[in-house]
Structure formats: structure tokens, C-alpha cells
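In the two complexes below, chain A is the common chain; its partner is chain B in one and chain C in the other.
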Partner chain A sequence: MAGSQTTTTDMIGGQAAATTGRLLDVEDLHVEFRIEGGVVNAVNGLSYSLDQGETVAILGESGSGKSVSAQAVMGIIDSPPGFITGGSVKFRGVELLDLPETERRKVRGDRIAMIFQDALTALNPVFPVGWQIGEMFRIHRGLSRRESRERAIELMERVKIPSARQRVNSYPHEFSGGMRQRVMIAMSLSLDPEILIADEPTTALDVTVQAQIMQLLADLQKDTGMGLILITHDLGVVAEVADNVVVMYAGREVEKGESLAVYHHPAHPYTVGLMDSLPRSDVHTARLNPIKGSPPDLMHIPSGCPFHPRCPYAQEKCTVEDPPLFEVGPGRVSACHFWEEVRRDRG
Partner chain B sequence: MTDFFDPHERQSDDPDEEVGASLPGTPLAVEAIEAEPAMGREGSLYADAWRQLRRRPMFIISGVLILILITMAIWPGLFTRADPRSCHLEDSLLRPSRLHLFGTDLQGCDYLARTIYGARVSISIGIIVTVTSTFVAIVLGSVAGYYGGLVDSIIARITDVWFAIPTILGGIVILRSLFRVRGLLQVSLVLIVLGWPTMLRLVRSAVLSVREMDYVDSARALGVSDLRIIRRHILPNSLAPVIVYATITVGVIISAEAALSFLGVGLQLPSISWGLMISTAQNRILTAPHLLLFPGLFLSTTVFSFILMGDALRDALDPRLR
Partner chain C sequence: MTAADVESEPGEVVLEVKHLVKYFPITRGIILRRHVGTVKAVDDVNFVLRRGETLGLVGESGCGKTTTARTILRLEKPTAGQAFYRGRDIFELSRSEMRELRRDIQVIFQDPYASLNPRMTVGDIIAEGWKVHKGVVPRNKQRSRVHELLEMVGLNPDHINRYPHQFSGGQRQRIGVARALALEPSIIVCDEPVSALDVSVQAQVVNLLEDIQDELGISYLFIAHDLSVVRHICDRIAVMYLGEIVETGNEYDVYDNTAHPYTEALLSAVPIPDPALRDQGHRILLEGDVPSPADPPSGCHFRTRCWKAQEVCATDPPELVERGQGHPVACHFPQVEFADR
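Presenting the complex of A and B:
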């Protein structure tokens, strides 16, 4: 930002040079939705941090609060009914939750960008893709239509959309799913954000295309050094691309640590359950092994450990006492009273 | 990575074949290859709808009728040489003849001329009322739908109360009690005041559904301002039903004006309006049926054309109906 006026965003930019690679600190984040009939506790204490060039995966089932937590970081939760009731989100040391909306908007898109699961619905159907990518330059950089169009073409080439110049005026429905996701990525990268939040970027795509998109994200991350927050329910993706992982259940973190370590030696029964419900090529079983029961109603989260109704390790203690985060290894925590047994069983 | 490029795209050898099929925009894509900078060109939806419309009999018929009626409203002299206000009492209540194609009325005025001049009032009121109430509805409806919460509750409740007033009844009360002279402007004003709630509800619900779309979240996540989101992302995507309904509304308003005039609370003589003509004709239905027939025919044709046009637009603008 060629900052002429002193704004908070400029301040963040000023600090960028001074500080080390720490981009984001989320601490004890709480989000609730106040709807008719009660309060939905969507996020109940989530903490993680993100460094430059690092990838953090947030893993969980539908309704575990992973997307909501990302929206809270972006500041795009509809309020009402959504309210951030506690915690802090610090971007380069500046508390985002306290920023006024106008300052916040300068951070969005410019410093922290986000891509969505279904690129077809995440692109405006009545405008050409080039117009939509260029919109970023017109809003945040004040470029003219012609300049922004040129920049849009460059970006489309950067995300490897073939014959970008010819396709800049095509509409979203004229692209395939994978190409649309590339357009989304081009939009989000337009202003060189420092953090990219990818909310299930590959869920709506074919397996082969998924791999290409993940590869593209990894390449772009290497080029730009941006931090990537990957929201996913796919443990395989996590193990491949993420440095660290936060496993969420019922809006809270249940296990956290370096992703390969978590993948190979899970220390929470929920993580174990997630792994067992994956189809595996090395073990032949007749059936998949899903986690029994269904995710809890976030209006009525079970007492004690929220996972106890579905947990094979659950005992009396679990129904009354909410497990704290136990340190289970270097930089690893697990919210399970019986993590040692889980650990032992997984050998 | 180029091998990933989906070979199914751009394969349509025959662009015409694609119209109305699952890839309705393909011909556009072909155009886009010869792209001149056309950023901001709006809507494959609308371009597509236009291609659809051009070949629809319903659209062509109603379009021609509406064009004729609008021409009639602007230049009535093109359709008749007679002056609707020069009347000869000795010619009172003549049946249609070669001299007076539609006959004459009680005062001996040429009925063809009066019928044609009547189009001006009806069409003006229809268009003035529709455009104004649509504008009000778009502004308030998008604010209510987009921001939700308290603003929405206030706007929505006021609309509901307003909505509960029946148009004709409300029109009678307001016109009788407030205006001593009732001309085109007074009647339009009353119909605007009574007409916007329905339109607002429509805009609001369209905005509500579009607001939930991911591209709105995505625009917000990329730091786009609210005003721009409403203008660029929400309105272009929620206007289709509004356009359809507005077209139908023109017809409905025209008939509402006629109804008010018929009941004696709308336009007053010496205005020339179909409603007034029908109202005067009611006492002589048996002796001079032509007095009812011609304005009635014109009125229903006009209303019919606008409603037909609305239907044609709906078919073209709603891809699910194709």
C-alpha cells in the first residue's frame, strides 16, 4: 500500500518488516450464533498460530466449527445472528477484532484472502471472470479498467489457466470446476495476500483435479511465502501438505500438533476415528469403519468431554469432567483423559 | 498443466444448437475469443434471455402490441384525424359507421378518437406508477434484504401493514378524502403509495436469497464495500424476477386506474380515460353497447399485452423454466 494517510493497515504494513515470520495468532476464539430457540456454540476455544510460508490445517467434520472459525478470522460472520464472544485474532500483532469495519475491509482481500469450497457459487454468474479478478485491483488499488484487465490476464496465467487472454471475458459457467477454482485462486491472490484461507478448496472437485489444485496452492505458496490456512475434512490432504494441524470437534480443538506426527501417532480417539473412517489401500476390510453416532447438536453440547457419547474409550469421568489440553509430546496437545491408552493402542 | 484443460469446453461446432441447452452461454464464449475489451459487459443471463426472446411468438406479439399502444399514447394523431373534444350533440349515440368507425358517445364525440386518446392516460399511469414504485422497492428492499436485523424488521413490518390495505379500497378512501381535483398525477401518486409494498417484498426476498450466495461472501472476504456488493453482486442477480413482475404490474396498474375511474374516484371529466368511458357506458349497455365494447377491448388488450410480456420475460430469465 502506497500509504499516504496513516491508517491501521499501514501500521500493520510497517510492522511487517520489523517482526519475524509470525503472521497470525488466534487465541481462545469463541463464536456463537444466537438464533430463535437458543444459542449455537459454533466455536468454543480455538487457538493456533501461523508463520510465514507455513500451512496450518484445520480438520473436522461438518459442523465442527472449522469454517466458522475461518469466517471469524476474516471478519465476515453475519452479525446478528453470529457473535464473536471471546478470544483474540492478531494479525502481525494487531488485534483484528478491535479494528473498525473500514480498517478491517482493507485487511480483507489485501492482507488476508479467502477461497471457497464451490467456485461455481463463489463467482458472480453475471460478470466475466476477468472483470471479477480485476475488481480487486479497481477497489484496492484504484487501477483503471484497462490496467486491471491486463493484471487479471497475468493472474490467470499465473494460476495456469490456458489461453488466459482469450478467456478473460468468459463467464464462470463457461469454465470447468477445476478452472473455476483457479479463477477463485487468481482472485484471492490478486493483491499478494500474506495469508490465504482455503475453505475446503478441493471438496467439490474430482480427485485428479484436487491434486492439481493442491499442487498449485503449494507452488504459489513457495513463490510468495504466504501462510496458508487449509480447512478440510480430508486427513490425507492434511498429511501431504500441512505443517501443523488442529483437529476440531464440537467447536473446540481436540488435538493439535505437527501434522505427520498427528497422522502417524494420533492421541485423541476422534482423530483415530477420522483415520479409521478413511478407505485405505494397504488394509483390506469389507467395510469402512465410521465413527458411531453423529456430531453433537451445538445447541446442546454434551457435558464433560463433548466426544464421550461416541467415544470407545469413554468412562464415567468423561461424562462429567471436560478434559484439559494434555501435553502429549513436543508441541502436541490432546484433549483426552485417556490419551495414553489411545496412544498405546495405536502402537 | 495444459493437459488438464478440459477438452469438452469450446467444442461446440454449432453454436446455435447450444441455445437453451445445458451450456447456454457457449455462443458468447465464441464471441469472447474475438474479444475487444468489453469489461463490465453485463450478464450472460440477459444476453442469453434476449436471444431466447427474439424467437418467441409470445414475446413478439406482446412486444408489437405494446409498441403500437405506446405510439398511440405519444402520437394519437397518427391513428385518428378527429378531435376527441369537438363534439356535436346532434350526432349523439351514433352506431359505428364509416364516418365514425367506433360510433359516437352521448355528447356526440367521435368514439374512435376518444378511445385512442385514452391510451395516453392509461399507459402513462401504468409506467409512471411502475417505475416509481419499483425504484422505491429496489432501494428499500435491497437495504432491508442485505442488512437484515433491525433495519429489515422495521421496513418489513411497515410493508406488511401497508400491504394489508386493499388497493381499491385504499384508493377510494385516499382519493375521496384528500383530493378535490383528481388528475393523472393524483391517481398515480395514490397507486404508487399503495403499490410499492408488493414490489418491495419481491425485491427483498430476491436479495435475501442472493445474499446467501457464496460469491457475496467471497466479495466480502476480498474486501468489497457493501454498496458495491449490492450494486454489482446482488442487484444484477436479483433483478430478473423484479423485471418480470414490473412488466406485469404495468398491466395491473392500468386496470386499477380503470377500476378507480369506473367507481368515480379516479380521473374526472374532462380527462379522457378508458375507465371513465366504461363508467359512462354502463347505463346504456343495451341501447349503445359499442360504448362499453371499444374502451373495454382496448383496456383488456393493453393489460393482456403487458401480462403476456411479463410471462415471456419470466420464461426467458428463469433458466429453470427452459
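Presenting the complex of A and C:
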């Protein structure tokens, strides 16, 4: 039934859900898009897990597969052209990829919610925001219009939209970018999800507004204990909030581990390259040391290690042999044949 | 006192902007357009740009940084003020004089996808300016000059006949740089030139811009919202808020000896890419949004969000002057001690 959390045993699609702190296990996920002219290999092997109250960041540049991997977890990839061709996504121990769409829909929004980069396109321009937030209660919980409106106001207050009661009937275009993102967050939190996936939630926002939104997400996470998956290209944002980070390149994970360890002792040349490309606002940066070239076309990913054409460590081996994930420390992996050299060079 | 009086760094002034004002009318109605208000996009902006230096205009969306640049390029008509290019007021020039001047002040735009004509080859895009500005490069030398320019910006000269869609975002931005350089300008206005690029590619373009400046002594007016990139590339920085410059100085003045509360809040909001520093900074979270430039607060525009605001801030607009900080700041109560940044 609708309120699965109120039953004594938590059931997802007829299976008993695990009640431990582990929320999500993604393993060896593969996603491809079959389009005219070929196959776009968007995700080619991604594994991570998420615990209650934890924040995992998926860090990558455009075309790294970070957003697609999140859409696969959420179950919102259009098929065709998109196909999940391998791997597993387990929510509380239950394999989501095997669930029928009707069961999947009960998980979506209710247990796993998502917010997007562009709140203006994600919101419907012809309905008031309060109506759109209240829709969650009307559809998923069967509340009346009046009740759902009251709940919408409560949520708007919770995400600190000033004078919520007056603004509940305003339309998305009447809100600033930051306020719209708050509306999105209110909507995503309406059903008390256990996991929130935030896909570039602050990329379109000014830096002072970004700080407000990240603070809001942190406060809400503290209150609810939800797990947060943060999809971003911003190394600064990752450094500020993520417990663990997965660095993606050309659809696969290249490095993974606890944020502090990854930032201070990177073990993959791509991670090193990203850090050296970044100017800083807190200290003077001498000349930047960028990665040469540009990210590969996902229809023609280079042989062997996909990073080898841009890699200063690349050798013969890298062009033919796709590196496995090497265990480089406790809870840390790197997909580089020469991770030890990389580590040594970084001190 | 204008900004020019306060600055003391050497170097020939190539551009001096004095009391620049740009208001946009707000109108209602289609046939009878009634004037119902004014957006004060740029309100009394002063700065100088010297030969071979990079001046950063930084601020959040709607602060007027892009309008300032567009007005200097005469893509917008100024409401008031002057802009002197090597002593001549740009706003007083005739059409033909202005055409001459456009050669000297070139632009690089944010979106490398939208700013290149998809139907023209790279060679034609780069050479197009020479059709208007005859005599920059003689006809028979044009092709070899395009080759040189492509090489200079790090592109393969053999790709001269390719079209923009055959290049990546970073490469397209290089084409934009080559096009700007073709006319041998003395100033390039860079409007968010790296904002659309991925981190690894962004660094390549930043380095390219630096190399070109070192080689050719071009001045950049660098408009960006990314405070880290601005710190890296700019010699001097002007922070804008609601159409006004609130603080200006060199990298260390603005970033390490921050005096204006807005600059302080802005900088504190920038995430630092080091997890070890996570809880060490004191982040100042500003309340609410930037007020509408159609109805900015009286006195100091920032006072409605400022934790230092007092009565005087509502009545007297603070002037952008040196207040013992070593650099000009438009605040009645600027930070004076710099210990903790």
C-alpha cells in the first residue's frame, strides 16, 4: 500500500527490505544509449554504496556519465534509446533493476528522490508552486487539496522560503533561481525519502546562493538522516560536503575513497590533473597545470585505459589493457596501472 | 576622486571609464509605451585599464558587469559617462571612427557554441575581420596568417577548413581567441570566457590567455563570476554589486585584505577544494536575494543584507575611496584589521 513505511515489515515490491544503515549498493553499473550511428557508452562500470546520513559525491566533467548513472539509480532513463546493460542497483537489499515499473514507481519519490540542476525547467510553469508541491501528497498519500496545501506551506517553511503562506500560490517565474531550487528541494523532501540524489543542484546559481542551498541540504540531512548522492563537477563543493567521493571519467570510476584521502593523496593521474587545473580563491595559484586534450567521445572510447591519450604516465600497457580497480588503501581504489608512481609523485 | 587618481601602478592607460551610467527603462503597454520605472544596471562606474594588464570585473548575476562591458563596446548606448580609449571618448565617436576602434577592442564571448557561425570554416571565421579592416593583413598573406594564429592558440593549422561543430568546446573557445587576435587589438573584453568549459579544459584556455598577454602585451577586461579564476588571472579586481563597484584593488587587497562586507561574504561562500579546511572558514550566509536593480535600497545598496549596517548607511551612499585599507572601498564601516584570512 501507499504507506509502506508504516507496515511492520518494510516491503519493497514483495520483498522484505533490509533495515540496516546501508541504503544503496550500486555494483558494476553499465548504461548505453543506442542511437542512430552507434552506441554511446555512457556508464561503463560504476560501483558505490551509500549509508544512512552519508554523503557520496560523484565527481566528473561533462560526458563522464555521472548524471546518467544517477538517472539509472532513479529509474528515469528513457528506454529506448537508453539501456541498462549490466550491474545491479540494490536499495535496502532489494534489486531495483528487477522490479516491475509499478513497484519501481513506489520507490521513486517516496524512498529515493531527486533534484535537478535547472529548477526552472523542472517545474511546471503553469501551476503554482504550492500546487506542485502538494501534488506529491495528493497522488502518493491521497490527501485532500486543503490538506496538501497546508503540507506544502509547511514544507516551504522548512526549506526557508520567506512568507511561505503568501507565496504558496505564486508561479515558478515569480521566484529567483535560489528560491526555485528551494521549491524543488521542498518537493523532493515531501515524502521523507531515504535517499536524495542532487544532480548539480547549485551549478546554475550564484556563489552566495549556492552556499545557502548547500547549507540547507546539510541541515535537512542532519534532521532526517537521509543519504545524499551529490552529482557535481565542482571539486570545491565535493570538498565541503562529501564523506566519500567517486571520480568518474569516460563512464567509469577511476578513483574512489574517503574525500580527504582522495584530495590529499590522489592515486589516479586524472584526479591529479583535475586538482592541478584548479585555481583557488583562498591562496595565490601559480601557473595552472591542465590535462592535455579533451574528454573522449563516448561512441569511440580509447582502447585500454580510456584516459591514456591524455595521461602523462601512459605507457604501452595502458593502450591495450584496461586497468582493473586496484586496492590502494582502506576503502580506496584506483583504476591506474601506475597508481604507485602517481602516489609517490604526489608525496 | 576617480579610480584613476587612487591607482598608482605604472603603465600606459589604454582605457579609462568615468562615471559610466546605464539605465534601462521599464515600459508597459504595446502601443502607448508608458515609462514605469528604471533598471539601474550600471550606476557611476569608474576604472582604468593599463597596457598589458588584466582587470577583473566580478560579481553575481545582475550586478552589471556584462552591461558595463557591452556599453564600453557601444553595444548599448550609455545613459551618461565617458570611456576614453587612448584619450579619445568612445561615446563621442562617429560611425566610421567607431568602426576603426572596433579593431582595437575585441571580444571573446562565453558560449563557444553560439558565438561562431556554424556555416563558416574556421579559416573564414578568423579572416572575416580583415574584410572590414582592410590593410591589417594583405590578401596574399591572409592564409599564412590564419595558420600562424591557429598555431598560436594551440590548434592544428591543417584544420583550417573545418567547421565549428567539428571542434570541442575548448577548441572552439581557442578559435574565438584566434578571431579576436586576428585584428591585433590592444584590448580584449573577455566575457565569461571559461565559464562554459570543463575544469581541465578551462585551465588550458586560462593558460593560453596568459601566454598571449605575455607575448603581445594585450590588456584584458575580464568579466567573470568565478572568483577563483579571477584571482588567478587578474592583476586588479573590481567587485560589483547592484551596478556599482564596491571594492577594488589587486589580488591581495581584495582577497586577503578584504574590506567590504559584501566582498567578504562573497569570498566566504566560495567552496575551497580541500576537505581539510571544511570547517575552518567562517562562512557568512547572506539573507535572501539581491534586491531588484529597478528599486535598489537607498544609501548603500548592500545595507539591506549587511550585518554592519547602521543608520548612516540608509542615508549616505558610501563613496569608493581609500579608507586606510590601502585600496578603495565603498563602505562606511570597512574591515580594518586583517588577521584571520
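Everything that follows uses one rule, which is that the second predicted complex is superposed on the first by the 321 of 347 C-alpha atoms of A that agree within 3 Å, B and C clash if a C-alpha of one lies under 4 Å from a C-alpha of the other, contacts with A are read in each partner's own complex, and residues count from 1 in each chain.
Here is the rule we go by: a residue touches a chain if its C-beta (ideal position, glycine included) is under 8 Å from a C-beta of that chain, and two chains touch if they have at least 3 such contacts.
All figures in this text were calculated on a predicted structure; none of them were measured in a lab.
Novice: Is A:295 touching anything from chain B or chain C once the two structures are fitted on A? First, second, both or neither.
Specialist: In the superposition, A:295 touches chain C alone.
Novice: In the overlay, answer first, second, both or neither for which of chain B and chain C A:278 touches.
Specialist: Once the two structures are laid over each other on A, A:278 reaches chain C alone.
Novice: With both complexes overlaid on chain A, does A:26 touch chain B (first), chain C (second), both or neither?
Specialist: neither
Novice: Which holds for A:74: it touches chain B only (first), chain C only (second), both, or neither?
Specialist: first
Novice: Go through the superposed model and pick first if A:318 touches only chain B, second if only chain C, both, or neither.
Specialist: Neither chain B nor chain C is touched by A:318.
Novice: A:209 contacts which: chain B (first), chain C (second), both, neither?
Specialist: In the superposed model, A:209 contacts both chain B and chain C.
Novice: Can A:228 be said to touch chain B (first), chain C (second), both, or neither?
Specialist: Neither chain B nor chain C is touched by A:228.
Novice: For A:176, decide between first (touching chain B), second (touching chain C), both and neither.
Specialist: Both: A:176 reaches chain B and chain C.
Novice: A:162 in the overlay: touching chain B, chain C, both, or neither? Say first, second, both or neither.
Specialist: A:162 contacts both chain B and chain C.
Novice: Using the superposition on chain A as set up above, list the residues of chain A that contact both chain B and chain C.
Specialist: 162, 176, 178-179, 209, 212
Novice: Mind pulling up the chain A residues that touch chain B in the complex?
Specialist: Listed in rising order, the residues are 71, 74, 76, 78, 80, 105-110, 113-118, 121-128, 130-131, 134-136, 139-140, 145-146, 148-149, 160, 162, 165-171, 173-176, 178-179, 184, 187-188, 209, 212, 216.
Novice: Quick one: in the complex, what on chain B touches chain A?
Specialist: Interface residues on chain B, with respect to chain A: 1-2, 4-6, 8-9, 23, 25-26, 28-29, 32-33, 35, 37-46, 148-149, 213-215, 217-225, 228, 232-233, 236-237.
Novice: Across the complex, what residues on chain A touch chain C?
Specialist: On the chain A side, the touching residues are 61-62, 162, 176, 178-179, 206-212, 214-215, 233-240, 242, 259-260, 263-264, 273-282, 284-285, 287-292, 294-295.
Novice: Under the stated contact criterion, what part of chain C meets chain A in this complex?
Specialist: 60-61, 168-171, 198-204, 206-207, 210, 225, 227-229, 231-233, 251-252, 255, 265-278, 283, 285-286, 288-289
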